[in-house]
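Two complexes, one shared chain (chain A), two partners (chain B, chain C).
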Partner chain A sequence: MSNSLLTVNNLTIESRSGEPLLKGINMEIGRGEMAALIGESGSGKSLTARAILGILPDEMKVNGQILYKGRDLLKLSENEHRLLLGKEIGIIFQDYRGSFTPYIKIGQQMIETIRTHQRISKKAAKEAALLVLRETGLESERVYNSYPFQLSGGQVQRAAISMTLALRPNMLICDEVTTALDLMNGEKVLKYIDKARRETDCAVMMITHDLAQAYKWSDRMHVMYQGAIVEDGPTEQIRFHHQHPYTRKLCSSLLSLPKERKASSAEGVYSI
Partner chain B sequence: MKQFLLIIGSRMLQLIIMVLVLSFITFLLMKITPGDPIRTMLNVEDMAATKADEERLMKEYKFDRPILEQYGEWVIGVLQLDLGESLISKRPVLDMILEKLPATLSLSIGGLVVLFIIAVPMGVLGAVYEGRWPDYLSRWTALTGASIPSFWLGIMLIYVFSVQLNLLPVMGKATLAHFILPSVTLGVAMAPLYIRLLRERLIATLQSSYIEAAKARGLGKKRILFSHALRGSLIPLVTMFGLSIGGLLGGVTVIEILFSWPGMGELIVNAVMSRDYPVIQGYILIIGFLVVVSNLVVDIMYVIINPQLYNGKESM
Partner chain C sequence: MSILVVDNLSKQYSKNLQALKQLSFSLEQGESLGVVGESGSGKSTLARILIGLESYQEGAITFQESPIAPKKRAPLRAYRKNVQMIFQDAASALNPKLPIWKSLLEPLKNYSEFTPSFIEVDGLSDKDIAEKLLGLVGLDSNLADRYPGELSGGQKQRVNIARAISLEPSLLICDEPTASLDVTVQVQILTLLKELQQQLNITILFISHDIRAVTFLCERIIVLKEGSMVDQFELDDLYKSRRNSYTKALLDAASL
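What follows is the complex of A and B.
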């Protein structure tokens, strides 16, 4: 792929005791692409993301290549890698409460982050922060002056997304961003991410265990199972022509849903 | 703001109740302990004391009245800022205490400064370099500090820095240099617990999700450590500090006597020896007052460190 943004070559991770956690991952994400990384918990999705960000615990052994815009992230110095974080590669976490330090106001943390990567005045950083908060549909002034615990889960998650997008990263990792949210807020968040992706041409790596979500939003899917990618390809292809037994199991578990829904709605449980 | 005033109000109420209970208990205890201030006084005045003299003095100081009545009178006096007068020196107790209080307080603050200077860097080193040599340095510092009795450390410091090297003064509080040895002695004695507590807390905080998030935003290491992680780790330290203020004010007495520091230590030891009740009562009242006031300061610090408490919510 000529417009490749991130290429992962044979990435392996071992725990301190030598147990293999990732067994040779290969992956390619193009500019502006929405790629889903799907698999059950413990399959190595978040580990892959953390390896890309370089925030794995020190005792883990990482081998292979993670090429971002042609530079191998694993060969960068700690400081060079750090400067890419936030600015080039942003992440939104599942645990939205953990996205912000609990005893510092959100606005202050946004300014701190913006000013880490851009040489601008506090005032300009505040303007930028308020702008992105407004774009996510939040009451910008109030959120800006709030501590994380003063906002609802959906609001904190959206604030976290605005902070990440404020720096216009070229790649956004979304680590199960909707898991901790209710369905409505989850949809809102994904819609906003997709909009931002189209506007800024930023690639999105969507880590999820929700197959329906992956079908709906992604262009490409990577199915992970026990520390390896067992199948990947365009979403449509995976949906209708999957090969691997695990993918088949995964897909069939979703396909059984409509029947259930019919049965339950007949009993009046659902009122959709 | 309203909640803030409420905190202060409830603390004030606590202060009154605590001081009443505390002073009543000490009042009772003093009456039932052996020893007799009248005898002491008669010895001081050094004359052939007769039974009649003793009875006259008992009447004069109202020691023959029921205990509750004596206590009531003392409380009424306290309300008018009158702590009575010393049975021995005949001076007002409040004056005697206020004269010595600044020296004790300044020494306590000196000890806290030393505590801070030792505990924060050592705790941070231990956590950041967990399992490597700075961590061992931090551990050994804590262990050594905890194993040395403070009076012995004081004597050793005097021996090395004053007697052998002749660098620092031994006793009194004339200059800033006089503060160094007693403050170090006090600070070293308190530091170990704080070093260990800060290390444990900081290790836990550094693994929390909001630190990972801060890293993922590309913030610098120092920034993450000092403005994000350290702050969260200070909360238990502040709690422990609040609990140990009483111990600090008591422990300072030993150091004061060792360094002939002109603080309340000497005053209270003499008062206890000669059964000078009003001075003891006054001392306990003032110490109790200081403990409650400093706990109020601790409460305010909580709110500053963790605004969540201010909103009356539990931390996550």
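What follows is the complex of A and C.
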């Protein structure tokens, strides 16, 4: 891939007792690409993300390479890594309540975050914060002046995303960001992430166990099973022409809506 | 014949929080009815009222033609034998300190005057009965001696289903029974519920925010929004243009 942003080469992680947790992961994510990392609980999705972010527990043994813009993240000092996080690689977690300190207003926290990474005045940071909040479709002034508990889950999650995107990262890791949200709020959040990555060419690594979501939003899918990527490829290919037995099992477990049932039987006819 | 009739049901938690607003619907014997809605729509409140865990202020609930009192601790012994529930959190529904076979047998011990039809011969030991129950939900009989902590989420939910059907209830209320399970396991649990419903002729009230799961299991669907029922239809009419705009929005969000 010529426009590769992140390349993971043969990444392995062992627990302290020597148990293999990740078994030689290879992955490439291009600029502006939406890549889905899909698999069941315990398959190693979040562990992969944590390795990229450099937030694994010390006792885990990590081997391999994680090249971000050509630099091996595993060889960076703690300080170099810290500078990268947020500014270059943003992260949004499943538990949106943990994204903000409960007793500080959202706006205050956004200013603090922005000014940690950019040397700008408070006033400029406030404007930047209000702008990204507005872009997420939130009532910017109200959210800016609210405490996290005064907002709904979907609003807090969108505020967390806008805070992450305010730093204009080149890569965004979304770890099950919609799991704690309603279907409709989840869709809003994903729509916004998709819009943002198209506008800023930011790559997105979307960790999810939701197959429908991966089909709908990703360009490429990486299917994880028991610490390994068993299959990867363009989303259409994984959806309709998967090879690996686990992918087959996973894909067949998506319950179809009545309309899709008719559509998929038609697809069956074409494929014969 | 309607097995359950809910008429004008309202539930107020506090001055500003009305969880259910004049809800009316009925459930026919042997059917599976899906209740769809977002968080806060009143789905779980409805389930908890129907099982007698919550009181209600207005309206009436009639089960098999007898009224169900609005008070929480009303005498519900006979009712509860006939109405069983499966919760979202499979783990907290099982006592972690009891082996599976003991948890499984609790309902039958409480209703010792009742003999379910799957006990065909006399003189079965408790363990034998527990193993029969495990077989009904596709679990291996050697799980009987295990503890909940040793089972996967899907296995635990199967145990809960086995326990719920042990009294051969006429109505099974399922409140998001698959929401915390992996997708591959979700399908297995839904398939199990579907099979059990057909085999045992149980009526199912299936509560979920997952419209895909609901269309898999249910022939009829009601849609709740902020405590009110905004739509009600047969599965075949899901895509009809007369559907409520909120139903359409839900469907649109779920579609690929």
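Heads up, the rule we're going with is that the second predicted complex is superposed on the first by the 254 of 272 C-alpha atoms of A that agree within 3 Å, B and C clash if a C-alpha of one lies under 4 Å from a C-alpha of the other, contacts with A are read in each partner's own complex, and residues count from 1 in each chain.
Just so we're on the same page, a residue touches a chain if its C-beta (ideal position, glycine included) is under 8 Å from a C-beta of that chain, and two chains touch if they have at least 3 such contacts.
Note that the structure is predicted; figures quoted are calculated from it, not measured.
Asks: For A:41, decide between first (touching chain B), second (touching chain C), both and neither.
Replies: Touch partner of A:41: chain C, not chain B.
Asks: If you stack the two complexes on chain A, which partner ends up touching A:209: first (chain B), second (chain C), both, or neither?
Replies: second
Asks: Contact-wise, after the overlay, does A:183 reach chain B, chain C, both or neither (first, second, both, neither)?
Replies: A:183: touches chain C, not chain B.
Asks: Now for A:99: first (chain B), second (chain C), both, or neither, which partner does it touch?
Replies: First partner only, chain B.
Asks: Could you say whether A:227 touches chain B, chain C, both of them, or neither, answering first, second, both or neither?
Replies: neither
Asks: Applying the document's definition of touch, where does A:113 land relative to chain B and chain C: first, second, both, or neither?
Replies: The first partner, chain B, only.
Asks: Pick one for A:249: touches chain B only (first), chain C only (second), both, or neither.
Replies: second
Asks: Examine A:169 and indicate which partner it touches, taking first as chain B and second as chain C; both and neither are also allowed.
Replies: neither
Asks: Considering each complex separately, which residues of chain A are in contact with chain B in the first and with chain C in the second?
Replies: none
Asks: Can you name the residues of chain B that touch chain A in the complex?
Replies: 208-221, 223, 227-228, 231-232, 305-308, 311, 313, 315-316
Asks: Can you tell me which positions in chain A touch chain C when the two form their complex?
Replies: Checking each residue of chain A against chain C gives 40-41, 153, 182-187, 209-212, 215-216, 249-250, 252-260.
Asks: Which residues of chain C touch chain A once you look at their complex with the stated criterion?
Replies: It comes out as residues 38-39, 182-187, 190, 209-213, 215-216, 235-236, 238-239, 249-251, 253-256.
Asks: Of all residues in chain A, which touch chain B in the complex?
Replies: Against chain B, chain A makes touches at 53, 55, 82-87, 90-91, 93, 95, 97-104, 112-113, 116-117, 147, 149-150, 160, 163-164.
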